[in-house]
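By written order: A, B, C and D. Residues from 1 in each chain.
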Amino acid sequence: MSSIENGVQELIARRAASELKGPSVVNLGIGIPTLVAKYVEDELIHFHTENGLLGVTEVEEEDPNLVNAGKLPVGERVGASFFSSAESFGMIRGGHIDVAILGALQVDETGRIANWAIPGKSIIGVGGAMDLLVGAKKVIVTTSHLTKDGNSKLMKTCTFPLTSTRSVDMIITELAVFTVVNEQLILTELMPGATLEQVRESTEADFVEGGFSS
Amino acid sequence: MVGGFGLVGAPLTLIEGLTGKDVDGLTIISNNLGEAGEGLGVLLRQRKIQKAIGSYFTSNREVGEAFQRGEIDLQLLPQGTLAEAMRAGGAGIGGFYTRTGVGTELAQGKEIREINGEPYVFEQALKADVAIIRAHKADTLGNLIYYKTARNFNPVMATAADLVIAEVDEIVAAGELSAEEIVTPHLFVDRLIVAKKILTKEGVIHRKRCARVDCEACCQ
Amino acid sequence: MSSIENGVQELIARRAASELKGPSVVNLGIGIPTLVAKYVEDELIHFHTENGLLGVTEVEEEDPNLVNAGKLPVGERVGASFFSSAESFGMIRGGHIDVAILGALQVDETGRIANWAIPGKSIIGVGGAMDLLVGAKKVIVTTSHLTKDGNSKLMKTCTFPLTSTRSVDMIITELAVFTVVNEQLILTELMPGATLEQVRESTEADFVEGGFSS
Amino acid sequence: MVGGFGLVGAPLTLIEGLTGKDVDGLTIISNNLGEAGEGLGVLLRQRKIQKAIGSYFTSNREVGEAFQRGEIDLQLLPQGTLAEAMRAGGAGIGGFYTRTGVGTELAQGKEIREINGEPYVFEQALKADVAIIRAHKADTLGNLIYYKTARNFNPVMATAADLVIAEVDEIVAAGELSAEEIVTPHLFVDRLIVAKKILTKEGVIHRKRCARVDCEACCQ
């Protein structure tokens, strides 16, 4: 990964972190979402990972049997607890997770996302994404604004299979922050260095320009 | 059923035993099929697996390849639905309704029912003939406790198979595990073995001796 | 309770105990079934109580928070474990209990029982009986042969509401032991002091006289 | 929802608090309604309970009397179905199929479905606005562990209500409960109080001091 890509990811992760307020329980997906944790200092924010841990923290001493959902080594904070996958998804589906931060391959203009399958490739993995989308009280998507080919990930309609019929609540890219209200994307913020023109050019989806600050 | 989230909490010794056995046409219920050439990935290469039911086979790229060659059937479930279906199987629940997956390709062909104004999809319970699982300690009665995130699917699989074989780091005397901390009561467990193949920071290793002080007594 | 009644109950409980073979997990109902435990010496027999304990044993030191399903104080044996009601009934419904020993108000001639409600009285309690009947691999009923009014509890048809459509496997009274095969009662044993005539007179249900010993 | 199996594991202090409050028309989900004049039995006498959902009201003879006088609605469920319905409510399951009760009066009017050739009855999930529960120890984050058979319905109720208030013997520092032995992770728990009314061999008693060594700090 180039250091520019890296910088973009850290920028997005930092912005997502600032969205979190304690007390809350937050589940972080694989990729950019995982980076969010290091920008959070509020002790009232607890990280949940669906493979069975509430109280994820940065790894101190690597333990092959202490990992997050991305199978990366993590640590456990004071007051953490372990539980089975069945209990963990009971927490997710049952509405006990305040915020899920997820990656996406595509977002449509109603705020629905596709993040688990690509047509033409065998569909062989879904993981916990569908559960998080139906269960988490608030869903934040963190993603690069464009694909590697330079196409907008914020599209009129997803061409990849949807992960859920539920619209997410917020989309954070390196260019902008959108909130989703009544299945409509509202541009609420330009990211540092980004211009409105740039966002308009890079976004296929229709969006409303909210009263945003840049 | 085979416990574990990838290789974490997978019963590596029992899986290895299976790779040496003359079996085929297996249906494996497991979150993943290990990694390429590790854990259940070995059984895949041996073409002993006819069908796999799981949620995230992406962690072993050879699964997709085998699927495209038509060598294996795959049934994909959302991870929470997979866990819940096992729990249902173990708890005598025939099936259940979840909102997870409604409106997606994974709900195609499945019954949708409205409950309190929300659409839910019907999912059937899962049961297995045999579950091989990984725990941390067992007592001599078969009570089990787990270690950190190596717990994952293991406790729920322990409830959902006719024959349950647990691979553990250590077997202690009955009474050494506190009655309040036992996660899997012994009525779920049929057989115990001590782990010889374990996951370490350096990858999967074989150990000659187990973790017991009196190892000679249990490992030849 | 008179000492005769008492003696009858102990007789039935002792006979039921002799039916248990380890290794097995046994759930004991309220009343006569509770008495069974004290006649069991096999350490491979573990008693389960649906309020959340595997490893019930006789009370040593009374603890108000350590009780069986009849809310009577019990003890916990070495290797016991505690769990929630949801987990406990998962064990029951899921087929993890080998034997349930239950009381009954009535048994019909196909071996189905009524033990939770009396017509004309408000139906306000069922407890775990219905779960045990569908879930336990083997169900043994222990009951006095006659009601207090001298009527047979083993009837052609139950007049009280059924607890389950599942037939039990064995019925033990102070007069006889019946096994239930293909929904038919088979008299397999006369209890000490009982005669075949007595059993015939005291049993309204049709039954087959098996090759029994007395 | 109110935890406990009879008075065992019932949140007696919180129930007492409720008896002093000007509330009525309550729907109570609990295995029993206490005993005559004890626990939830007091609320019954105060006619604050409009409806009760449970499995064994027989343990308080006054429930049947109130029911016959038309003072209370009762919904009776098999005990396993009651526990499972709460678990479903807490785990985001809309409803489930159980064989328990099929062919009996308690399945009348309910949907029957055949699964793998066996009849099952459909049961809906149960949720509550508030759950008051009893645990043994809490840490300052709200993680809970239980004591012996006082566990019963408490952990499952902790998952199935919008507001969960736990009454405990002792509140300890975060980290004092082992991560492996915590039964109810803190995300389920909203409020904690220390028990003042407890069940003893001699019956229900009030205690002025709680079980903590530094009681003054927590109980005035």
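In this text, a residue touches a chain if its C-beta (ideal position, glycine included) is under 8 Å from a C-beta of that chain, and two chains touch if they have at least 3 such contacts.
Bear in mind the structure is a predicted one, so any value in this text is a computation, not a measurement.
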item	value
Target chain D, source chain A, minimum contact steps	1
Fewest hops from chain A to chain C - one hop per pair of touching chains	2
Winner on C-beta contact pairs when B-C is weighed against C-D	C-D
Chain of greatest Cα-centre distance to chain D	A
Whole-Å gap separating chain B and chain C, where each centre is the average of the chain's CA atoms	36
Distance between chain centroids, defined by C-alpha means - chain B, chain D (Å)	33
Inter-centroid spacing, chain B versus chain A (mean Cα positions, whole Å)	28
Junction residues of chain A, two or more chains touched	76, 82-83, 89-90, 92-93, 134-135
Overlap residues in chain D, where contacts from two or more other chains coincide	84, 87, 91-93, 98-100, 146-148, 179-180
Which pairs of chains touch, using the document's own definition	A-B, A-D, B-C, B-D, C-D
Of chain D, residues touching chain B in the complex	84, 88, 91-100, 113, 115-116, 118, 120, 124-125, 145-148, 178-181
Contact footprint of chain D on chain A as seen in their complex	25, 46, 48, 54-55, 76, 78-83, 89-97, 134-135
Parts of chain B lying in touch with chain C, wherever the complex brings them together	87, 89-93, 139-141, 143, 159-160, 174-175, 177, 179-180, 182, 185-188
Of all residues in chain D, those that touch chain C in their complex	5-6, 8-9, 31, 55-59, 63-64, 67-68, 74, 76-84, 86-87, 98-106, 146-156, 183, 199-201
Of all residues in chain C, those that touch chain D in their complex	49-53, 62-67, 71, 76, 82-86, 88-90, 92-93, 117, 121-131, 134-135, 161-165
